[in-house]
Amino acid sequence: MIKTKVVGLSIMASLMLGVAGAPMARAGSGDTLAAVKARGEVLCGVHPARHGFAAPDSLGKWSGFEVDFCHAIAAAVFGDASKVRFVALSSQQRFPAIQSGEVDVLARNVTATLSRDTALGLNFAPPVFYTGTGFLVRKDDGIAKIEDLDGAAICMAPGSTTERNVAQIFAARGLTYTPVVIENNKQLVDAYVTGRCDALTKDKAALPGVRAFDTEDPSAHIMLPGIYSKEPLAMAVRQGDDNWYDLVKWVTYATFNAEELGVSQDNVDEMKNSEDPDVQALLGVIGDNGAKLGVDNGWVYAIVKQVGNYKDIYMRHFGPYSPVALDRDQNALWTEGGLLYGFPMQ
Amino acid sequence: MTTISSQIATPAPTYDPHARISGTVWLKANLFGSIWQSLLTVIVAAGLIRFFWFVLDWGVINAVFYTTDPDVCRAATGACWAVIVEKHRPMLFGLYPYDEHWRLVLMMVIYLVTVVISLWPRFWNLRLLVPLWIFATLSIGALMFGGVLGLRYVATSEWGGLPLTMLLFTGTVLIGMPVAVLLALGRRAPLPVARGVSVVFIESLRGVPLITILFVAVNVFPLFLPAGMEVNKLLRITVGIAIFFACYQAEVIRGGLQAIPRGQYEAAQSLSLSYWQTTRTIILPQALRISLPAITNHIIAAMKNTSFVIIIGLFDILTATTAVMQDPLWRKFYVEAYLFVAAVYLFFGYALSLYARQVEKWIASGRI
Amino acid sequence: MPQSSLPDQTSTPVISMRNVSKWFSAFQVLHDVSLDVRKGERVVVCGPSGSGKSTLIRCINRLEAHQSGQIFVKGLEMTDNVKNIDTIRRNIGMVFQNFNLFPHLTVLENLTLGPMLTRHMKKVAAEDLAMHFLKKVRIPEQANKYPLQLSGGQQQRVAIARSLCMEPEIMLFDEPTSALDPEMIKEVLDTMIELAESGMTMIVVTHEMGFARTVADNVVFMADGRKVESAPPEDFFGNPREERTRVFLDQILKH
Amino acid sequence: MTDASPGRSGARPARNLKDILYSESFRTVIYQVALAAAVALLGFYLYQNVIANLSRQNIATGFGFLDQVAQFEIGETLIAYSSRDTYGRALLVGLINTLTVSAAGIVVATVIGFSVGIARVSTNWLLQRIATAYVEIVRNIPVILQVIFWAAVIRNLPAPRQAIELWGLGFLSNRGLTFVMPVAHAAHVWMLAALVTGIVLAAAASHLAKRHREATGRYVDMLWPSIALIAGLPLLVWLVFGAPHAISYPQRQGFNFAGGATISPEFVALMAGISLYSSGFIAEIVRAGIQATPRGQVEAARSIALRPRFILRYVVLPQALRVIVPPLTSQYVSLIKNSSIAVVIGYPDLVNIGNTVMNQTGQAVEAIAVMMMVYLIISVVTSLLMNAYNRLVAIKER
């Protein structure tokens, strides 16, 4: 029996090593766009519960900033923003899910980094949200800056860029901390709220949601000021399918450009009659942008009409009257001092 | 034959429960045999009384049974059972669309009725069971998925709560048992290659934690499929748990197979029965009867093991409860909520083991 | 090894073993055994324990595979050809020392299993057949009981009936009475005697010398895997040729 | 087994094709070749798919990532580790944490399990009932629920500032259990050495006493001398070093405690959950073991006037252990495997760290393979030890 166990062990070992040591070769690419069209819906990987970005309400309906970008893709492909199926993914599951084709696109707080672009076999669309590592702390702990966190217990999710950023931020300042790393988001937030940790670290943009929805008294918690790292959040697709990548990329730009050209959800029908050739090209009145991407020429019209331009989407979820109010800061158009710069759609 | 006869011969009871003994004799024998005994009894009884008083005090006298206002609970010194009343729907049904919860209730009724009927020997006849299961499968499928008869479509990613636990459990047993039987037969097969394959399979899966198998089912398995092919995640997870369960169950069944005397095979051979005929009519019926107690243990373990899906984010009853306990207003009453979930598991586990005991009695009396 | 056991009758034997040898790993259990059994012949095999007599008859329906020599049953050679094995087994019934009834099936189910599965009989027909043979072994009233509810003697009679339900031409008995209490031996032997009187071809491994004396046409004595002597009972008991036979008979008949 | 040695059958070689097709040995070979081919084909097919999928998407493969810098910190480490170490070392930290929490869990589970198991067969009816209820409850609640429950309990303890004080010896707070600890001193190493020496000497002395008894028939009680050796030697060393008694008391400082030693909440919750769960099974194993020694054995031992202590030592224990040890070992293995649910509450065990590594590198196949291999090795090693033990204690039967 032992012998057989050992044999089993070595067989499994060689299998695993064989898979891992296989030579790399580029193979033909799959056609995601065709697959999506055939299926009739876009499979969009989203965060299971991140207020402002993606969360199901008590009726099971998904809403959030990233959810809307999924809707935008569906609007572009089908002319119907509702043709999306949301797949909630934990941080551990997100990359295998996109790699294996379980989802067509990842709109799940993915920070675009070099190693993810290369080793993970991902392609990143332009960032839709610029943020950085943030810290949520209890007000009465008297923490005002990062140095005050020396020796603190800090709750964070495993495998996030945040986990690495914190290590660097603290090492650079010669500070120590105890990481409490929990994958399950509910357990993670619970650990902070109950006081297991002195600070909760996540993307800065995600913290107001935690404060608003998960704490008993939101005013008892504050976010540390300052930005400690670059976290450009972008939609990601598989490598090896350039057509699909192009579509996701231009859907992103389309929301930027619509805002820049003043085309919003409210006025899109009037703007269809605009004399401006840029607007005409954007809305498919002239040109064949849609055909080049393999979708209907009215794709941007569908996006703006059904989902909105970038500003519409942003204000819906982070506007001053939303629970997760956030200033636009870098997430403003380049014309307004922000970082959003849509490539020309010619 | 010895094995079967030892099954039938019930072990001699240590004491005769029907014998009338006087109370004092019983007390003396069981509680106050010696000074040390008596001392022990007194200490234990004192502790027990304190414990039960605490339970009564906390769980009944000072408890809040119904309120929608968490502050009422906070003010009370006892348990807040109101949290279960308030949150029972998300706890029991998870992410399933709120307006459609009635479908889950109906599903559970159909499920439980079907299972109870199937477990009753009186109804063991294929002309009843086959249509029943076809009806149950179809109606449960229709209720859970929707998309027919005007029911709204609900994707498997939105399933949750107790119905999900039930489906995972049922799927595990229904898929796992046949696999377990095949693996056990493989391990006892006259063909060395079949033995080798079964052994490697069983031992390598038994050597790793269930979590890693779930990781494989969720994260790695899709990579094993050709591009464009997709297997539903819930199905992958169910199959993963089922195969894990099957590897343990296979070892139990193997024990039963080993207990079958060689003469049974020889008698079957002399009647010119084929390998599969022998296995089906002679060997398996006996092996499964022999290993029934251990099989039951693993089936109960399979029910408990479904809770591991919290690690991969499936919304079974436990995951749903931890999620509900995120509500900052009710967070404090986690003990009550977890006790409720524990009670659900204890209830089903107890029901299963009671049934198993009944089956053993039926076997002993030759009814099945 | 002298070919003395070949009978002088001219009819072809239903069972013919020629120079059969068998090893259990390095240990040789059968040494060049040859044996012919004619239709209707009753052969009793006896010998000390471990002499290979059980192995001998188990080779005939291939519960054990022989490794050299040849075995013919009704002219068909027993090789590892699965078709031959199947045909031969259908023609041979076997009764075991420990009965080997199926404890999870009723007596009736034990009897109908073989006919239904291998002879594809209808259930009703198989049950009729089973009741017929249960009456023959005189326990029709036990049909719906489970084997373990019966006495040892009754169980062995059920086992005989089970074999008969396959309507074999040859019956093998592997020490059918040695697991039985003395008072039950008789009822089983009586059944066997009736069977013999009906003309069944039988090979019986047994220590019941009385049975051998009254029923056997031929008594075979085995020792150390060899066929030592084979003779009609009157010669075998009255005037054994070999010293080993004499010693054995002395030991077994003393008590 | 249906048929004996099919490989050695066949009195004579087959004569024609039909004979070959119908021969049992040929069929045996064919079935096996078919099965082997099917398994190999399936394996090859899956392998091909993985390779195709990985390379199409340009995903990194191989175990090279083990040498890359991890860039993340780990909350609890027993060996030196910083974010500049490699993924390989991070995984090693995780493995050591797995083994640590398992070892602690095994000790606790064994102590509770044996106590409850003995209570299960107690003649005291009340105690027996309580033990039974305990076993039924802890065994039938999913272990993961128990771990989450304990994690919640500990998180809901007071914050360090309001920590519960434990008789001046330590504090219980939502940061775990902090307690007094002697300040590290060179003497401690020597004391440990003295302890080991004491155990060795005690064992040797007992052995000599046994030889003496066998030679002369006179019994020398070695119980107290052994205790004296094991406890006395370290004590002596401690005195020689001048009885260093500096003790570090935990003090509230900043967010947490300074000084003393701390066991993290995750460790406590995980250990409590998995060990209580296992203790129920161990109790049943112990009960079965005790009941496996027939009464007649004890009576026989009494009839030859053995002292109670010897009855336990030479008659009851050897027989009970033979029944107890094999299932106990597999219970230990299952406890080690259960420790992997650390990932739910955030104790940095092998799976939790592996999880991070999987996320950072994106190499799910390799990271999961590493985890599975490690657990597989642990269980194989355990069963090897188990087999060795079984051979040692096996009753010689014919």
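A, B, C and D label the chains in the order they appear, each numbered from 1.
Just so it is clear, contacts are C-beta pairs under 8 Å (C-beta built on N, C-alpha and C of every residue); 3 or more make two chains touch, one makes a residue touch a chain.
Given the structure is predicted, the values throughout are model-derived calculations rather than measurements.
Trainee: Applying the document's contact definition, name the chain pair with more C-beta pairs in contact, B-D or A-D.
Mentor: Comparing B-D with A-D, the pair joined by more C-beta contacts is A-D.
Trainee: Just give me the whole-number Å value for how far the CA centre of chain B lies from that of chain D.
Mentor: 25
Trainee: Taking each chain's centre as the mean of its CA atoms, how far is chain A from chain D in angstrom?
Mentor: Going by mean C-alpha positions, chain A sits 41 Å from chain D.
Trainee: On a C-alpha centroid basis, what's the spacing between chain B and chain C, in Å?
Mentor: About 50 Å separates the centre of chain B from that of chain C.
Trainee: Just the number, please: Cα centre separation of chain A and chain C in whole Å.
Mentor: 80
Trainee: If I count partner chains per residue in chain A, which residues reach a count of at least 2?
Mentor: Residue numbers touching two or more other chains: 1, 5, 9, 12, 30, 92, 96, 99-100, 183-184, 187, 190, 194.
Trainee: Listing for chain C: what residues touch at least two other chains?
Mentor: Counting only residues that touch two or more other chains, chain C contributes 63.
Trainee: At least two partner chains per residue is the criterion; list those residues in chain D.
Mentor: Chain D, residues with two or more chain partners: 3, 6, 50, 52-54, 56, 148, 152, 156, 343-344, 358, 364-365, 372, 376, 379-380.
Trainee: Spell out all pairs of chains that touch, sorted by label.
Mentor: In this structure, the chains touch in these pairs: A-B, A-D, B-C, B-D, C-D.
Trainee: Once bound in the complex, which stretches of chain A touch chain B?
Mentor: 1, 4-5, 7-9, 11-12, 30, 35, 48-49, 56, 58-60, 85-90, 92-93, 96-97, 99-102, 183-184, 186-187, 189-190, 193-194, 213-216
Trainee: Residue numbers of chain B touching chain C in their complex, please.
Mentor: 1, 4-5, 8, 261, 263-264, 266-267, 269-273, 277, 281-282, 285-286, 289, 366
Trainee: Under the definition above, what is the set of chain D residues touching chain B in their complex?
Mentor: Per the touch definition, chain D meets chain B at residues 1-3, 6, 28, 31-33, 35-36, 39, 46, 49-50, 52-54, 56, 123-127, 130, 137, 140-145, 148-149, 152-153, 156, 337-338, 340-341, 343-344, 351, 358, 364-365, 368, 371-372, 375-376, 378-380.
Trainee: Touching residues of chain B toward chain A in the complex: what are they?
Mentor: Spelled out, the residues of chain B in touch with chain A are 90, 95-99, 154-155, 157-158, 196, 199-201, 203-204, 207, 218-223, 225, 227-228, 230, 233, 310-313, 322-323, 325-326, 328-329, 331.
Trainee: Quick check: in the complex, which residue numbers of chain B touch chain D?
Mentor: 30-31, 33, 37, 40-41, 44-45, 48, 188, 190-194, 197, 204, 206-212, 215-216, 219-220, 223-227, 262, 265, 269, 275, 278, 300, 304-305, 307-308, 310-311, 318, 322, 325, 332, 334-335, 338, 341-342, 345-346, 349-350
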